[in-house]
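Paired with subunit B in one complex and with subunit C in the other, subunit A is shared by the two complexes that follow.
This part shows the complex of A and B:
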């Protein structure tokens, strides 16, 4: 497992600090850079504005170009950007206005505003990086979020963002800002669980959510925004998948991709596993038909987080490796599997005893 | 019971089908089947709650302007309209000379030795200046003729210029493959060079229609064999031209193409232009063509049922996808509005610009002058823009009643070529008759319950299986 937090010797700071770790000086040097002085086992000492800054990491792990967030008085730092990974995500808030049955990151009441620090961190990212933005619900802090997006877009036009949002908080007047940011720069990941408003509202735990989502999606469409529509398959919406496919075909022809996703067994997803997990290795039919429908309509469908051996052969081409490197594991029988190279495997917190029934090497 | 919710229903057009039902479709290409009773309720404004529910789910209704259903409909409608992109595709005719004299030659060729039908040095330089002024970074150049391999020197000049000027170049050489010199093979084998040729069904048909004698026929098939082996089936396309009054058996065409490993067959009827209109009775051939085409599609469906590698008829696949999808506008033969003279142009042997190859032929036989300037004095679109302003089916008094309008297009150059006018009632035109047939055929297959049909429709629509929900019937 890859560490997203690193032990540090606490710094005498009163404000959160963003630091980029460098193994040697670079051309685009910034005031946020710390240059390595010494490595001794898992202890690495950096020079930062004349002070010593100590980080602990496994000996062979590269930290070159990584960006850390150090909070006052804390002995561990958040590894905001791993320079050699494509899976860097900023958790901008833990507040949320929905309470989804499968939530992997259950919401918290309080918000700690780190947008300024995150904007700095983004500006230190490697060239052409894609930065994920997640929550909670990032658009609960819409003005701060847009400020950050505009600031980073101005200083780093090469960066792109993948922002997960429930799309409850877009207003028609936001279209202008969305256009100004550019449709190529941001991919909005928006969940839709059912074309039946009641079912969707029940799954996300918020009455009227479907109606707000429709308005939000209409705004995104009018702004020409890029949208990845996301549907986690559950026992609760399994019979609605074809309805979602047809909803996409009639109303959401503008989306870039439809992601049909398997459940992540963490957070509420773990709590509700028995009543929510749909074993698609035993019954794939609704997902197959949903893919058949949108594909013939000329739209792209992908299966996210489906181990390849859980997918019938004709649909394996729709199942790319999507589980982030730091969350991924493989099972015993994966050792003998010819498809392991292209398979995304399982979430670290997947429990095979309660999981898919029909798996095995392919 | 009458509906309580106030839904707005989009306009529906309808057409009887062979099974006694009615096919309904809207302006954005949404469709379904229903019966006469539904039609009467629709006309009487007495739709039931169940009608409304169906129309809502199937995308034919909305609550208010700007809501998601409305916007989604708008998006589908707008995506079906063709909007020309920047000029990035140029068809070049460096010579009209040809070493074959096919009975239906579409382009009014001249004999191989006839002087005065080639680009001279000034024409070549003017063409290069024109290409040099384009803003695109990617260019597609298609060499036609005559036989363009007779002017390999021009091909090489243009290639060298384009490779120095554009980031990405693609060249298509439309050749009869009758005589291919070692130097010509070297050009055809280069990366990003594609070969397009004609292969009329089988040896006998090809000889009867094109090569005339056994020796020339052998030269062609030897070269074609060599081309498939040296270039690979992905770098070569072969179009069979079909004479609808005396067509080859579908199985003969299929066997030939399968033998060469070519999986996409683009059947072309003899084109009623150039010399073809003098020799063939092509003015009223639509019905015989449609019959043949329909039987060919049925033969493909039979073939695909147990074939390891399936086949398609290119244009049928295109039309099927235009039924199912919005924004499927890449084929120049079927667009609405069909704006010509912008995203691609033809430069003839004398340096004149034409909006399409067909416009060049219409002009060549003296019906109309559809040229639009020349490479020496520049593009002049005045005349073509007059034609463009009529090249739209959305408001055409015949097309507005047709459920196929959203899938279909217009071809005014074809109308001019055949009838000398663009205002013939649409149903009397070859274009309308051929496309009405093809969409009738498509819907008869979409609503078929034959698993063989389903298998081919899946392949042609690009999906693993063809879903039954595409054959909605509202009762």
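This part shows the complex of A and C:
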């Protein structure tokens, strides 16, 4: 796995610090940059404003252009941006107003506002980077989030964002701000688990969630925003999948893409695995019909986190490699598989004993 | 003759606008343009289709966490007052600063020229076209400056430095640090290291 936290020797800081690591000075050097002084095994010493800043990393791992968040008194830094990855995500809050049965990042009570630091970090990202924003529910801190988005958009017009949100905290008047940010700058990833309000509300653990989601989607539509609808397939909503497809085809034709997703076995997803995981390698029929319905309507459907061998041949084209590099693994039988290069593999925490039954090399 | 009546409107309908068409009295000319796109405008908007696919919430989980149902340790960026080995005193829990790094009023952003297919992200930061990095928060800057001034004072007292006590590690200060580190058999870096602070008895808190 790729390390998202790196051991550091603490700096004398009084508030969270964002620092970009550089292997050599660059033309557009910023006051956030630390330049390498010395590498000794896993120990790398950088100069930051005349101070030594020591980071520990595996000897051959490139940290050039990476952006770290160092917190006062902590001996490890968060690797906010890995310059050679397109899977960089900022966790802007751990608070959430839903409690989804498959949540991979269960919410916490307290919020630490780091939007200022995250805005600096984004402004140091490589050119044309796509930065993920996740939570918790990012829109619980809507004003701060928009502040950050506007600040970064002004300083770095080349950057784009992929924001995961339950979309329930948009007000109609937010449409103007959304337009100002630009429909081609932000992709809003919004979960929808069922077209039946009761089922959706039950899965996300919040009464009235479906109704406020509909209002939020209306605002996104009015603003012409780019929307990726996300439906994790579960035992709880498997029979509703065609209903979701029809709902999208008739009501939500404005979306950019519909992502049908497999479950991630972590957080509540691990706790509720037995009662939630749907083995789509044994039964793919509903998913196939759902894809057919939205495709016939001219909409784009994708399968996220489906190993290719779990998908019938005709639908493998819908299953891009989507599992983030740093949490992806392959199983023993993948060694002999001809599709390994294009397959996203499995989550690091996938347990094959409780997983798909019908897999094997292609 | 009759056909002439329809000639121009049909040209217009086909999109052949006369060059002076801007001056034509259009129904809603003079009205303020609504910032919200009309339905037709929405259809022409340049949407993002091909982003990097999956992004799950668990991206900041600590690695130890998948051995248990859920782990509350280390997944977010929260931190409290833990003691630190070398540099800092226990820091109380962090209060968000009242000041902000953001430029005053964010102007409406210019239309970005985002390519349809994102370029590979391998390009070095060096190629970024004149980004405007946001300002660092002043708290740390002040702290660094204060410690640097203490180090400069000590270097002066020990006869290594005769420059300004300005809180900036400039070339003269680097040279002084190198000389001092050499004499004291410390690791020679030309920077302020924990060793330098220890040797001078400077507490960094």
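Quick note on the criterion: the second predicted complex is superposed on the first by the 362 of 362 C-alpha atoms of A that agree within 3 Å, B and C clash if a C-alpha of one lies under 4 Å from a C-alpha of the other, contacts with A are read in each partner's own complex, and residues count from 1 in each chain.
The working rule: contacts are C-beta pairs under 8 Å (C-beta built on N, C-alpha and C of every residue); 3 or more make two chains touch, one makes a residue touch a chain.
If you're wondering where the values come from, they're calculated on a predicted model, not measured in any experiment.
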Partner chain in contact with A:217 - subunit B first, subunit C second, else both or neither: first
Subunit B or subunit C, by number of subunit A residues touched: C
Partner chain(s) touched by A:314 [first = subunit B, second = subunit C, both, neither]: first
Partner chain(s) touched by A:254 [first = subunit B, second = subunit C, both, neither]: both
Subunit B versus subunit C as contact partner of A:275, first or second or both or neither: neither
First, second, both or neither for A:91, with subunit B first and subunit C second: second
Partner chain in contact with A:342 - subunit B first, subunit C second, else both or neither: neither
Contacts of A:62 with subunit B and subunit C, given as first, second, both or neither: neither
Where subunit A meets both subunit C and subunit B, residue numbers: 221-222, 254
In the complex with subunit A, residue positions of subunit B that touch it: 30, 57-59, 66-69, 71-73, 75-76, 79, 321, 324-328, 458, 461-467, 469-470
In the complex, subunit C residues that touch subunit A: 35-37, 41-42, 45-49, 51-63, 65-66, 69-70, 72, 74-79, 81-88, 90-91, 94, 96-97, 100-103, 106-115, 118-119, 121-134, 136-137, 139-141, 143-144, 147-148, 168-169, 173-174, 189-194, 204-205
Subunit C partner contacts - residues on subunit A that touch it in the complex: 1, 3-5, 9-18, 20, 22, 26-28, 30-32, 37-38, 45, 47, 49-52, 64-65, 69, 71-75, 78, 83-87, 89, 91, 94, 103-106, 108, 110, 112-114, 116-117, 119-120, 123-124, 126-130, 132, 134-136, 147-148, 150-151, 153-158, 160, 162, 164, 175-176, 179-187, 189, 221-224, 226, 228, 254, 256-257, 259, 261, 264, 266-268, 270-271, 300, 302, 304-305, 320-324, 327, 344, 348-349
Subunit A residues within the subunit B interface of the complex: 195, 214-215, 217-218, 221-222, 242-243, 246, 249-254, 288-289, 291-293, 295-298, 314-315
